[in-house]
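Every chain is named by a letter (A, B and C) in the order it is written, and numbering of its residues begins at 1.
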Amino acid sequence: MTATAVKQSRRRGRRRVFNTVNVSAVAIALITAAPIYWLLVNSITPTGEMGTLPPTFWPADPTLTHYEEAFGQHAFGRYLFNSLLVACLATTTVLGLSLFAGYALARMPVRGKGPIMVFLLMISVFPTIAVVTPLYMIERSLGLLNTHIGLILPYVAFNLPFAVWIMRNYLKDLPYELEESAQIDGASTTRTVWSVILPTVRPGLFAVGVFTFTACLTEFLMAMTFSSEDEMRTVPVGIALFGSEFEVPFGTIFAASVATVLPIAVLALVFRRAVVAGMTAGAVKG
Amino acid sequence: MRSPSADGPPRRGLQKAALALAVTTVLAGCATDHADPVAGQSTDVPDEPVTITWQAAPFGNRGDDARVWLVEEFERLHPTIEVEVVSAPTNVDTNRAGLSTQIMGGSSTPDIYNGDVAWSAQMADAGLALPVDEYLPDDYFDGFDPAVVEAASYEGRTYGVPLTLDQSFLYYRADLLEEHGLEPPTTWEEVAEQSRLLIDEGEVDHGLAYQGAAYEGLTAVTNEFVSAAGGGILDDDLESPVIDEAPAHEAVEFMHGLDEEGLTPAGVSTFEEPESLQSFTNGRSAFLRNWAYAHATAEDPEMSEIAGDVGVTAMPAFEGQDTRASSVGGWNVYLNPHTQNLGASLAFLTWITSPEIQSETAERSSTVPTLDSVRESEEIRALSPVIDAAPDNDLVSRPTSTPHYTQVSQAVFSNVNAVLSGTEETGDALGEARGAVQSALDGRSL
Amino acid sequence: MTAHTQDPAPARATGTERVRTARSPRTGRAQRAATRTAWVYLTPTLVVVGAVTVFPVLFSLAMSFSHVNLSYSGFELEGPTLDNYVALFTSARWYSALAFTLFYTVVTVAVELALGTLVALVLERLTAGRGWLMALLLVPWAMITVVSAQLWAFMLNSSYGVVSWFFDLVGLEVVILGEPAPAVAAVMIADIWKTTPFVAIIVLAGLVTIPREQYEAASIDGAGAWHSFWRITLPQLTSTLAIAVLFRTLQSFGVFDLPFVMTGGGPGTATEPLALLGWRVMFQSLNLGAGAAVAVTTGGIVLVICLLALKLFRAQVGEVRR
């Protein structure tokens, strides 16, 4: 190999690494990661070292006391369990119901689609603040307060409209040949939806799932109002109980937050191939 | 699964059912008359075992939750009563939102709850608290500070039993004052003077840290400054606003002047209690206006860089005036009107506010007792410099006896905050505040 | 698949589908059976949504038109009256909240849409580390809003925040959360940081369905990257973007916890959105009627905006198609 050839290939190699896409990806990663880094660092910084100037970019004496406080002094493990349980069940229900409802609205002969879609939209636009009080009275009379189902039900109801809208949008774009060939094979509609349609709308389901899951995980107002018993509380409400009237224990809050987000991030990392595949594999090319 | 009927989707039937169910619930609520909601319940301690719930945010010293040991001690003395503690959100407004939804919705839990002293009139007016004086001996409230009982009352009835008597103090750097031969200031002018000197000497970056953010705390602060200047938010009959009159104008101008001159931290208009305390404990500010709790934190070497150098004194007056105005804060214990455990609840709340327990709480949890006899006793005063400084404070109440106090306060703090953040002139802002307070009092504001 | 993109309008879609279903040789009975199955699919959704939401929504509608008296025995609604709405429309605070909410919605939705599309394009083309980047992007979105608000408040704090410290270092003297314009900007940046990843994921899901052949054909014709983005990518993304806009608008309009924790609505009322105002009127002032009126008007405004946005997108799609 001559010297010029080496230089050229090196330049090409450099161009392969430093192209617009890669540079942008690094920029995106840095901007996203910077606040997260600050969250992580301050969750292991002793209280006395937090908020000193100049800022501590890495604690001289990393500590796990904030985590001990979150899990020891507060029943944070229990809150996390409640949150995950409620979010998982609500998300599964929303996914199942929205797939079929979206399919009916997108591709089946139903009268009154317009009014149904607008009805769903109207539910979505109504601010939760106003429905909490009447919902509380209903749940109280049905004995649903301080139960998981008492949270799952409203979460499903308030997230379904969005899910149906988004699923309908994905479903109506599919080619009709899909069902036609299935029908020729004699499959029932439900079977067609399940085994032919479902795999092709995975990106849509993924988006709906992520949306619903995080919405349930972060919801505060209903969780606080409907679950007043300590063992039924969810993470956002639990965090609101940290500290005391005049004290915001940032370290403990950040530790609790890391403990909540970490499982999600790790899962996404472990299944990153599946995540990417889920996003892309459903696509019907051409 | 139901098949769709010709007359439309089956959901309609279910909606109707849900609606009917819910409407019945509401109407059932409305049907009962307005008389005493706990009529017929005994006020005695029941013989058979009962469980009562007490909703309270954590209080007491760090790492020693007062709720826990109080309940333990009470249960030991009253074996038939079990007290279940429900943690309240630490944010006062979030706490009230949760409580009011539950009690409006007819919930019988919590039986008793800790609530801010500023809530009494509002809770009473909305039927969210029981007039507790009805079930207590006539002389029960005689031992409490009259200003505190007044603040817990509405239209002649008393709704809250005062649990802690919070008030503000002026904290200072004892080491710096001594080094420069200064006496703890007794007037705001001296605070400004000493701040200038300490900043010039390079000892600190700022003079006074206080709570200037747009929230309830700023109304308490404004109330102090304005009262010290001889004015008030409302007139003495609590019927019309005087927030734009000369004393109030001088007071707010003084606050603004501190800011302009750089004697307060630049971000004071965003400070709530934690930020102001931090500015003091990290050694950047020489003075701090804060509640009683701040002393323990500022003297804790784990939390503070100036532990051991903290002095505390009563709030300053203005020169030529003698009111060392300090806003009343703290917590009352309220009774849920829907409680099914009146006797046991009364037993708990009278026990927790009794002289012995108040002494114990003062000792173990650094709270300021609400009973005069306890607060002013030598042993209790010797416990902490904060309680010792308390008698020099002239307690001033915020105008909390109107059920529209929240809106009055909003009118005050948002306009004063606009002055502090430099977006409005004092005169204009206070003029607007006056109008907003008036419409709040008339029940016309949001 | 997107070659078949139809307009997102529900009303018109009905007609199209009838044509569609007619293509398969169906008898009247088969058609009826299909309708029956469709209702079986729809019913659970409508029952759950209806049972949980219809009464509360109607109840707050009723409250907004009544004097709500609270007493030991619960609610008493006296009405009908327009007083709550009069109180609203004569309150400077409501107009200020409305203005902030509208501005906030327009800016955050526009910026998140642009940035989200950009991030999605990068994600689509990225060859190495795509899974890692996606996992990272999920973190802000999965973070509890109250906590991310605390985090930003902590970083922007004027006395110990790392951002303020940096500003100080470069000689910028500004109390970020203490002055109206920077405070508004700060709340919006926190929202953009948190929500752009979500928009990116939605857009990516639409992006990967665009047939590769179309790009290939375009590149044979000598079209540049910019050209093919405008001519191929964007038109095919329209219905995905419509959904993203719709629901981001909805969420932005209901923004509550972010300013509640970061600024408390301050300085003054510069960052107080409608939802926070409504919550305060309801649960701080215990003025239930007026609070419900805030909620109802907010809902009404969002509904109008959403329907307008849909109409706009529909027109856009039609134009492109032709």
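By definition in this document, a contact is a pair of C-beta atoms (placed from the backbone, for glycine too) under 8 Å apart; a residue touches a chain by one contact, two chains touch by 3 or more.
Since this is a predicted model, take the numbers as computed values, not measurements.
Asks: If you walk from chain to touching chain, how few steps can bring you from subunit A to subunit C?
Replies: 1
Asks: As a test of understanding: of all chains, whose mean C-alpha position lies farthest from that of subunit A?
Replies: B
Asks: Consider the two chain pairs B-C and A-B; indicate the one with the greater count of contacting C-beta pairs.
Replies: B-C
Asks: How many angstrom lie between the CA centroids of subunit A and subunit C, rounded to a whole number?
Replies: Between these chains, centre-to-centre, one finds 15 Å.
Asks: Starting from the mean Cα coordinates of subunit B and subunit C, work out the distance between those two points in Å.
Replies: Each chain reduced to its C-alpha mean, subunit B and subunit C end up 37 Å apart.
Asks: What are the residue numbers in subunit B that touch two or more other chains?
Replies: 18, 22, 26, 97, 101, 104-106, 272, 278, 282
Asks: Where in subunit C do residues touch two or more of the other chains?
Replies: 35, 39, 42, 46, 51, 55, 59, 157, 159-160, 279, 282
Asks: If you look at subunit A, which of its residues touch at least two other chains?
Replies: 51-53, 132-134, 138, 240, 248, in rising order.
Asks: Name, in rising order, each residue of subunit A that touches subunit B in their complex.
Replies: 46-48, 51-53, 132-134, 136-138, 140-142, 145, 224-225, 228-230, 237, 240-248
Asks: Could you please specify the touching residues of subunit C with respect to subunit A in the complex?
Replies: Residues 1-6, 8, 10-11, 13-14, 17-18, 20-21, 23-24, 31, 34-35, 37-39, 41-42, 44-46, 48-49, 51-53, 55-57, 59-60, 63, 118-119, 122-123, 125-126, 128-148, 150-152, 154-155, 157, 159-160, 162, 165, 193, 197-198, 201-202, 204-206, 208-209, 211-213, 239-240, 242-243, 246-247, 250, 253-254, 256-257, 274-275, 278-279, 282, 288, 291-292, 295-296, 298-299, 302-303, 306-307.
Asks: Touching subunit B in the complex: which residues of subunit C?
Replies: Touching subunit B: residues 35-36, 39-40, 42-43, 46-47, 50-51, 54-55, 58-59, 70-76, 87-88, 91, 93-94, 157-160, 164, 173, 175, 177-180, 263-269, 277, 279-287, 290, 294 of subunit C.
Asks: Along subunit B, where are the residues that touch subunit C in the complex?
Replies: Residues 1-4, 9-11, 14-15, 18-19, 22-23, 26, 29-34, 37, 93, 96-97, 100-101, 104-106, 122, 125-128, 213-215, 265-267, 269-272, 275, 278-279, 282, 284, 337-338, 404, 406-407, 410, 414-415, 417-418, 421-424, 444-446 of subunit B touch subunit C in their complex.
Asks: Once bound in the complex, which stretches of subunit A touch subunit C?
Replies: The contact residues of subunit A facing subunit C are 21-22, 24-25, 28-29, 31-33, 35-36, 38-39, 42, 50-55, 97-98, 100-101, 103-111, 113-114, 116-118, 120-135, 138, 153-154, 156-158, 160-162, 164-166, 169-170, 172-176, 180, 183, 189-190, 200, 203-204, 206-207, 210-211, 213-214, 217-218, 220-221, 235-236, 239-240, 248, 250, 253-254, 256-257, 260-261, 264-265, 268-269, 272-273, 275-276, 279-280, 282-286.
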